[in-house]
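Note that the chains are named A, B, C and D in the order they appear, and that numbering of residues resets to 1 at the start of each chain.
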Amino acid sequence: MNIFITILKRDLLLAIRHRAELLNPMLFFVLVIVLFQLGMRAKPAVLVTLAPAIVWIAALLSALLSLDHMFRSDMEDGALEQMIISTQPTSLLVLAKILAHWIITGLPVTLIAPILGLMLGLTGDASLILFFTLLIGTPILSAIGSIGVALTVGLRRGSVLLSILVLPLYVPVLIFASQTVNTFMAGYPIFASLSVLMAMLVLSLSLSPWASSAALRMSVS
Amino acid sequence: MEIESQPYSQAARLGAENLCVEKQDRWLFQNITFQLEPGEMLHLRGTNGSGKTTLLRIVCGLTNADQGEINWAGKSIKQQRDEYHSQLSYVGHSDGIKQDLSVTENLKVAAVLARGKQQTPKPIDIDQTLRDMGLNKKKDTFAHDLSAGQRRRLALARCLLNDTSIWILDEPLTALDKHGVEIVENMISAHLHRNGMAIVTSHQELTINKDRCKDLDLS
Amino acid sequence: MYRWFHQLGSPPTFYKWSGQWLPWLTFVCITLFVVGLYGGLVYAPADYLQKDSFRIIYVHVPAAWMSMFVYVVMAFSGAIALIWHIKLSEIMMLSSASIGASFTFIALITGSIWGKPTWGTWWEWGDARLLSELLLLFLYIGIIGLYSAIEDKRKAAEAVSILALVGIVNIPIIHYSVIFLNTLHQGPTVSKFDSPSIETSMLIPLLIMALAFKLFYIIVLLMRSRNELLWRERRSQWVRNIIKGTGNV
Amino acid sequence: MYEFLHMGGYGGYIWSAYGITAIVLTLSIVLPIIQSRKNHKRIEHMLEQEQD
């Protein structure tokens, strides 16, 4: 357990020392939403129905954008090799890195999402539900994304391939999360889709560290 | 420069049997076999691109050879991955130092990676290791403020701190000044004296007593 | 049984055995195709609702089944290669990727062509089957892209088998989330693919075509595996004999 | 024969679907054959190089 906290603290420390980079995911998230509004100039009634999808696609893209430096810097300065030949199970280290990535990118996006939801015309409760779906959903994005990053970290120009590998796997999260908010706005109970989202979270947090560590061992070899 | 001198408890024979690695349609090297007894050092020589680094990474278990086996204490390392890695320290070309962490922070993370279960090493261990490596004045400076030679010594300090019986060092003397080279040579011979083993690649000659030193030329 | 499997595993025997089987397989496959096409296009009566446009199912449905089947075979042989390092199953996995992608592509195109007369649109977002077929195509593209992006082919094969395993876990999730999305819109659409409750005279050609597609897959798989095997073992003696000896396929 | 081609007004859809399928399938058969010939030539070339 000690190793998990050490790697987590180390990654957060490294992120804080690059304070400027911390803002990138949030700025990108807000910018994408603003672009949607400018692009559509839709009537408020239409905008509200699209709001969950817009916010979620923006969150998904900002997670995808910042996935790359989850392992990239460790790969370059040899820290990844040290992790793999350490006695600690690599999947525990990967889980720590996934959590660190979520705290750095997923959490800030989730925190400011309700405000943007209100901006797009969502009611207070709908924004709250949006916040919950993001709170549950963004860790899934980091977990699944870690598999794609681990597979492509060895490549010099892997980023386009990364999005082709990862986006199809993001589809279920996007569907269930934005549908949860839509069904809430339509007044139906949302327990079903929310629990499916929780199930996805548990599944991705338990399976993806194994797959990512196998992929890392391959990329480093 | 006093280094604890009791021998490593888990030192055991490390050997390789006819390792072969293929690289783009030709053999990088074929049928490499060597045996290393506790207390001995293998000096790996060879021209650039003759596969020295690949061989080191195979011994570390980072890469798999196309054919052949590495065995430690009589068993293949693939079956005893964790015990083998608990006895191994590897310093490669990219030395695994995070530029934005301070010297002590880097060593703390490296120590937890190696020890894991027990707590992080007591501060005096870190100070002792830094004093041995001549870095004690640089305790809290960031790694990116260190010179290349100091960074190299910081990477090598990991081997001392983690107290592992097998050292795999890839060009440990690069970027080191005369004083640095002397520190590293004393460190290695003390390590061999404690029944430790080392596999080293280096273009410069290492003044280590000859009877403990084996040679292997890949080119 | 194990001895046969182990013996098959050795490249020269696999090469010889597959060489003998290929002509027969091709012959049977061609006859199945001819019979299936005749059955589907001529013999089967026109559907009372969709009239003749339903005949596209004789190509669309087998391709859709095969696209899923090939992915499962790919992931399965990838897992074997990852765990037991059996070289032949690694080759089988790699040879299945492109044929699986082409089946998915066929299923997609014929599906949308069929959508036009029946639903009036080239692309029906509501249709769960077509959507998951599209995402399956992206999974295949990811696998082929990843394999070509990594230079060291042994590492690339390992990466592909990991991705295939991740994909196999995600396919049911993607499929049911698309159906979930679909049922929200307009209730359970009468999916034209639900299990063949259609008359036997329409059903038999469909099964023949499905068998023909399966055989076609096996033929292409064997051919690609033989090429890959020959190239990987090019310095070994048995390849030299083959090249010097017969010099043909 | 015309009746067969006309397919009750859906000829265009049916034959385009079957046409694309035929193209993709023949392509998947022809490519491995070409690759096999290419492999044979490359290996023969390699063997000759080794002799002289």
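Following the convention adopted for this analysis, a contact is a pair of C-beta atoms (placed from the backbone, for glycine too) under 8 Å apart; a residue touches a chain by one contact, two chains touch by 3 or more.
What you see is a predicted model, and the numbers here were worked out from it, not measured in a lab.
The chains that touch both chain B and chain D are none; no such chain exists. Of all chains, the one whose mean C-alpha position sits at the greatest distance from that of chain A is D.
Taking each chain's centre as the mean of its C-alpha atoms, chain B lies 49 Å from chain C.
Averaged C-alpha coordinates give centres for chain A and chain B that are 37 Å from one another.
In terms of their C-alpha centroids, the spacing between chain A and chain D amounts to 43 Å. One finds 16 Å separating the Cα centroids of chain C and chain D. Not a single residue in chain C touches at least two other chains.
Those residues of chain A in touch with two or more other chains are numbered 221.
Looking at chain D, one finds that none of its residues touch two or more other chains. Chain-to-chain contact here is organised linearly: an open path runs through the chains from one end to the other.
Pairwise chain contacts present here: A-B, A-C, C-D [touch as defined]. Chain contact summary for the complex, chain D toward chain C: residues 4, 7-10, 13-14, 16-18, 20-21, 24-25, 27-29, 31-33, 35-37, 39-40, 42-44, 46-47. Chain contact summary for the complex, chain A toward chain B: residues 2-3, 6-7, 10, 13-14, 17-18, 73, 76-79, 81-88, 220-221. Contact residues on chain A toward chain C in their complex (touch as defined above): 147, 151-152, 154-155, 158, 161, 164-165, 167-169, 171-172, 175-176, 179, 182-183, 193, 196, 200, 207-208, 211, 214-215, 218-219, 221. Residues of chain C that touch chain A in their complex: 82, 135, 138-139, 141-142, 145-146, 149-150, 155, 158-159, 162-163, 165-166, 169-170, 173-174, 177-178, 180-181, 184. Contact residues of chain B toward chain A in the complex are 57, 60-64, 82, 85-86, 88, 90, 92-101, 105, 108-110, 112-114, 116-117, 119-120.
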